[in-house]
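Once you've had a glance at the structure underneath, I'll fire off some questions.
Labels run A, B, C, D, E and F following the written order; every chain starts at residue 1.
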Amino acid sequence: MNASTQQTGVALADVVQVLEDLYPPATAQSWDRVGLVAGDPEQQVRRVLLAVDPTLDVVAEAVRTGADLVVTHHPLLLRGIHSVATTSAKGATVTELVVNDVALYCAHTNADVADPGVGQALAAACGLAATQALTLAEDQELGRVGELPTPVTLRALAERLADALPPTAGGVRVSGDPDALVQRVAVLGGAGDGEFAAVRRAGADVYVTSDLRHHPALEAREEARAAARAGRPATPYLVDAGHYASEWLWLPGLRELLLSRLDVEVEISSVRTDPWDLVVGARPDEDPTTDHPVEGDRP
Amino acid sequence: MNASTQQTGVALADVVQVLEDLYPPATAQSWDRVGLVAGDPEQQVRRVLLAVDPTLDVVAEAVRTGADLVVTHHPLLLRGIHSVATTSAKGATVTELVVNDVALYCAHTNADVADPGVGQALAAACGLAATQALTLAEDQELGRVGELPTPVTLRALAERLADALPPTAGGVRVSGDPDALVQRVAVLGGAGDGEFAAVRRAGADVYVTSDLRHHPALEAREEARAAARAGRPATPYLVDAGHYASEWLWLPGLRELLLSRLDVEVEISSVRTDPWDLVVGARPDEDPTTDHPVEGDRP
Amino acid sequence: MNASTQQTGVALADVVQVLEDLYPPATAQSWDRVGLVAGDPEQQVRRVLLAVDPTLDVVAEAVRTGADLVVTHHPLLLRGIHSVATTSAKGATVTELVVNDVALYCAHTNADVADPGVGQALAAACGLAATQALTLAEDQELGRVGELPTPVTLRALAERLADALPPTAGGVRVSGDPDALVQRVAVLGGAGDGEFAAVRRAGADVYVTSDLRHHPALEAREEARAAARAGRPATPYLVDAGHYASEWLWLPGLRELLLSRLDVEVEISSVRTDPWDLVVGARPDEDPTTDHPVEGDRP
Amino acid sequence: MNASTQQTGVALADVVQVLEDLYPPATAQSWDRVGLVAGDPEQQVRRVLLAVDPTLDVVAEAVRTGADLVVTHHPLLLRGIHSVATTSAKGATVTELVVNDVALYCAHTNADVADPGVGQALAAACGLAATQALTLAEDQELGRVGELPTPVTLRALAERLADALPPTAGGVRVSGDPDALVQRVAVLGGAGDGEFAAVRRAGADVYVTSDLRHHPALEAREEARAAARAGRPATPYLVDAGHYASEWLWLPGLRELLLSRLDVEVEISSVRTDPWDLVVGARPDEDPTTDHPVEGDRP
Amino acid sequence: MNASTQQTGVALADVVQVLEDLYPPATAQSWDRVGLVAGDPEQQVRRVLLAVDPTLDVVAEAVRTGADLVVTHHPLLLRGIHSVATTSAKGATVTELVVNDVALYCAHTNADVADPGVGQALAAACGLAATQALTLAEDQELGRVGELPTPVTLRALAERLADALPPTAGGVRVSGDPDALVQRVAVLGGAGDGEFAAVRRAGADVYVTSDLRHHPALEAREEARAAARAGRPATPYLVDAGHYASEWLWLPGLRELLLSRLDVEVEISSVRTDPWDLVVGARPDEDPTTDHPVEGDRP
Amino acid sequence: MNASTQQTGVALADVVQVLEDLYPPATAQSWDRVGLVAGDPEQQVRRVLLAVDPTLDVVAEAVRTGADLVVTHHPLLLRGIHSVATTSAKGATVTELVVNDVALYCAHTNADVADPGVGQALAAACGLAATQALTLAEDQELGRVGELPTPVTLRALAERLADALPPTAGGVRVSGDPDALVQRVAVLGGAGDGEFAAVRRAGADVYVTSDLRHHPALEAREEARAAARAGRPATPYLVDAGHYASEWLWLPGLRELLLSRLDVEVEISSVRTDPWDLVVGARPDEDPTTDHPVEGDRP
């Protein structure tokens, strides 16, 4: 931070311009709501806080640390609101931002598709260099797919990824034979259980995404098992990296980009916005490939 | 098993009649697809296999163990199919059932609402005795809510539940202060992230369900935190027990019911149909309530 | 205003309670958005400003006059918003309210149907005493219909109403023979051109409402003229009192109600939120019942 | 009128051909219903009556003056009818046309976009020469926008327009500072309150259209006022010229076109189909820019 | 016809009143369009023509025979029309009615459900006395079902029905074993292939209706054959009596009703409005129950 | 059948490849469901049975005659199924196929548009040589239209077609003057009453299709009669050739194609899947063009 910035900062309008050069709003999906959510284009920005989600704790951190602007991946107001009264969480968050003169800017699906962006950060954490789009959505590229330099076991891929992710209670879930070799990897930040068909079309050995629910995940695995019955590999295997964790990977690169283009301070939020605080009863090493005889009523 | 059954068995039509007395099809939701999925009412049933999901492995177990009928919670054909060719997993499963003369019967949302049923099995595993309906869906009761005899910590509740559940790689995820006391508990088997409003209306301290995705879970927690800013407790806390695991709890009771009403053998499948085989990188004891200073780019 | 109020005021939550007793939110239409739009239930209210619309000028008046709460008939956020940045009028209005600690409360279709409420204020301005509901919408009464003590000419009714309304550039528009006698009067505050069928069913001689567009108004008049060809009266005649003006009539009564129930100051906004500033070229006395021969190209 | 026409006239099919050359049906919007509404292509046409709306009075004028064909801008049967019994206004109008052998032809959105057409007639009345399309709807041009030779005050523009329009009870409504200078003018005949976004994109100082309702007009003005707070002009101003009056401007030009192409008589209807007969209580010169202190309850 | 009627007739409004007493419009389905389609309530009616369909030939017959009113079962304008120009068949029909002062009244689904009505006329032609509703549609009874006094062969039922029907080129089509005995008969005038489920629920041996298309008819027969495989009868059999013919049966009873209530002449149209003029290549006695060996390519 | 085939056959996957070369699945309509409905790609095919519909009798014939594959025009599972239990006809058919190792393949709208295909087989049976597409549906050609070498009477055309069709109880229905000359013929296999507008646009004298219902057929004839009133011919005439019969024409050509490309036996099913077994009361030679005076109540 140099002296001039400390006094005058940069106009919010100029920060917005830099962000929209990086993440053009026209590249967002039609259902998405990106851009400036709170703030006045003429207000001054001296310090920026980056986070995955615009939670009350993140806003409190911004106020406490003197940030003038919060940039998040997830929109605060994806669904329109009809009140900013503090009786709802959305209203309390908006009120907290406005009364403290903290602006909020969201780059969501437009950041997913950017180069560099969320998809590429996740691909890099998996060890992928050159990648292609996994599929298209509304004419925008969605997800990445590429080849590892050499095959690795599914377990090794998951462990490499876990090392790159921020810590979470739940960690990284894996479906498939941990010792199978994988090389062609598809990745999609955020909730990915609607894109299994694209993953199969891409011929991926493994699909790294998050928020996989029981039914879509199990159906995808069943398709893989049906393929295995016909002599083909039982792929794609699945890796659920966690929604917060997989998208957090985008923040360090964003920090570098902003520092290089604007005379402002930029920090990554220390708030973990993953909702899960604790896990009990997990058998992380359980071997699922063996059928356990039922004794009494319990497997 | 007596001698006569071993030779002749019970007509499938009679087994279906017992199941439909327990789980009347008219109590299923309109979008659901329950009842007999494969089989001929006149075929004989000597051995029944119970499972959460009708996977290829479950059908293989039925064939291997000589079961004539598989009863599952999840429908095989919730979405209609247009082919039973073995080129799809659904087609391969149907073909495997039909060529091996194994019938399939599904009791889904009608089993959720039955007394006893899926909701009550989950409530019992949480330590709840008397419960009421959490909400109504199409005039059917959905979920349960009740009070523990004495308050327990959120962590203790999760651990008690984990002890009752079948083993899974991921275990039980918890959102909220592990040391907070809870007494009023809402439960809903299966995917529960559409019912937060009902949980709040019911005044529950904690909501036990599964398949909670990032956005709905985080928004529910934010509403709780906004309430806490106004001096009320930051509830409901969340417990995600796993979709497979939470619904598996229904099977032992079903086994007892069938054995008491029909002269057939009944076994619970030894196949774990939870899609997750492995977890890496989890920090189950991570304390999320402390903000960690950012050092470099990683929290 | 007594001394204690000047210092401490009334909690916003208590003012909201009084407003919701007068105008229960459950009586609003399902598409409507009523209630507290900005503010914290715990903040103190000493002065309330009443207006038809929550415009930027009304908020500025509130700030200038020290009002803590604005109560309006029209919702600020009927359509949900995704941003409160000051780059849109809605965002600028929300921001202005929040940064100045001015709360906003809207009572719209729930105020229309209240007793006393918007519909009754308009009926009273027309000279109607006892009235009945004009029709039902979602099981709520909508509009009023009643009989004048004695028949008056259409022109006299319009002039009486104009005297009661706040001044506007456009005044009151009348369709029908000004000298025809009317006695049965239907009224509906706000935009009324969707309720002609109800007005005909009610047997009204004249329909007093606002925002009547060319096509519905002309079609309603044509139905009346077709009736006249069959020997029945060419009714209902139409009176368009102006949207702002007809709903403004509710404010004085609301002021009295609040003063009687709460120890706060209450003023009616001096801002005319009717959008029209000027009218030119009107021929208010033009006699439309005579066909003017075309001379050249102009009637 | 020459002697031969008086006796034999022109086949309706030929008149239709001329009209469809001027206003190709394929240029109408998909929801519109244009073309021949009543009549037999082989019947003879000697006299044509032009009007904005096909009302019962217009049809009576056609019968009284011996017109064989009425050409209107507004469709009689935009919504389909299921009966022509005289118990409805639409049925009575159709019956009156058919029993009197009077044909009806409507050119609506295809006349709006024609060159010359409704949009251009309104632009000319505002003093615009060269214009461009305001926007596109279903790939057809909609509305016009252009620059006056020199800036004029908003009031002067409205007065010029009022002089060109046929007389109506309500005249021309204006929203904005009457003394502000305007040069770039957008025009749209008929109901225009769905096109404010296009008007802003076009950078118009003023928008001349009709049937503007309270909410859209006020929201458009609020957007302009929010812009003014950021130092930009509070435009677009609004001019509501009246639906009937603004579209009547098309008739004289149509009369000339038909006379030049067909050997028939053509007259413009003397019936004013604007529904409004009288205005009372208007304050046309009211100055809205001053806040009037509330004295008692009335502004 | 007495002397007074010949001169003055009955007001159309009075005829309409009698028809609406017989067939209350409120008992029609919501999608239907019944009632007066053309005419003036004050015109005089001396002669009424009854027909199934309001075709051009039927209107021409009305004109030729001096009928003032045509009453049909099928609506002329079920889909709304936007023009009565003679360039379309609907427009030509409306024009022909209006210029000849012939009124048109349609009683469709309200006549289907009346007692007596279309459904009962068809039931009577099948030999049924007491019947019940086959099903409900929008709370109105739809179709009839009842028992013949004694069982008859399917062929005999079809022949009895054919004797009662007006002559058509195509006759009565039968699906099922001609020698099978039937007693419980469901009937539905008009197009019946959406009601097979109701027919099965009613336990009918045979379903008499019309306009049965290949796919629904074949699927219904397949369900019957699947039932036969399980030892139940292969019912319901199907009888397609023809749409025009099956509904024509209502006309004689209607004629009697009108003659008994109104002092007018009433005749049944001599126009056969069934669209089919000729049948070639039919093998009416073909025995379908034998599989014919393929010789060359033809069965 | 040669010796090698009898022992080893052809892999189902290879037969499917040949069928998909002939009838690419991508040329089917989006709502259609074509391709392999039952079977395993690796199973061996020695004998193929061809039929219009996959009925229980057709499957029984396949089992009885040792066919390994049934190829039909109509899909078995156009609507998705949720059960293959034998309690429904669809379930019984699927079960019968699977337990007997009989595969099923359907080529429907992709066979309609193929060259050669269903449309061309029907055109050839009418005597048409070169034809063009009647219209487009989802960018695929639908139906054919062409000119006969010389005009023939409508009756002669119908008789020629009837000679080519497989025998049915109902034969070929004709609407129009049997002695009128026709030359331009439109054909569409299957249910054709949605394409009258295309037939008129194509200028066809006659439309050969099937499953024509009363209302669309009569409305099409009325349009033709309205045209006749204006001096144009009363065309198109209609020929309903029967749904089963008109599509059966495709099977012989398909048999030749398969025999020429695959070393398998191919037979056409001897089962007539037209649902109609018997016709009574037909007056095939009835002359509809004469109005019969009503005597008593019967025409």
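By definition in this document, a residue touches a chain if its C-beta (ideal position, glycine included) is under 8 Å from a C-beta of that chain, and two chains touch if they have at least 3 such contacts.
Owing to the predicted nature of the structure, the values given are computational and were not obtained by experimental measurement.
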{"item": "Distance-maximising chain from chain A - centres being C-alpha averages", "value": "E"}
{"item": "Whole-Å gap between the CA centroids of chain D and chain E", "value": "48"}
{"item": "Distance between chain centroids, defined by C-alpha means - chain B, chain C (Å)", "value": "53"}
{"item": "Averaged-CA centre spacing for the pair chain F and chain C, given as whole angstrom", "value": "64"}
{"item": "Chain centre separation (chain C, chain D; CA means) in Å", "value": "28"}
{"item": "Per-residue multi-chain contacts in chain C, two or more chains", "value": "41, 86-87, 230"}
{"item": "Pairwise touch network: line, ring, star, complete, or other", "value": "ring"}
{"item": "Ring order of chains, beginning at chain E and proceeding to chain F", "value": "E, F, B, A, C, D"}
{"item": "Residues on chain B engaged by chain A in the complex (per definition of touch)", "value": "53, 55-57, 61, 74, 86-90, 92-93, 155, 158-159, 161-163, 165-178, 191, 210-215, 217-219, 221-223, 225-226, 229-230, 238, 240, 243-244, 251-252, 255, 267-289, 291-294, 297-299"}
{"item": "Chain E residues touching chain D - in the complex, by the definition given at the top", "value": "33, 35-41, 75, 77-87, 91, 94-95, 98-99, 101, 103"}
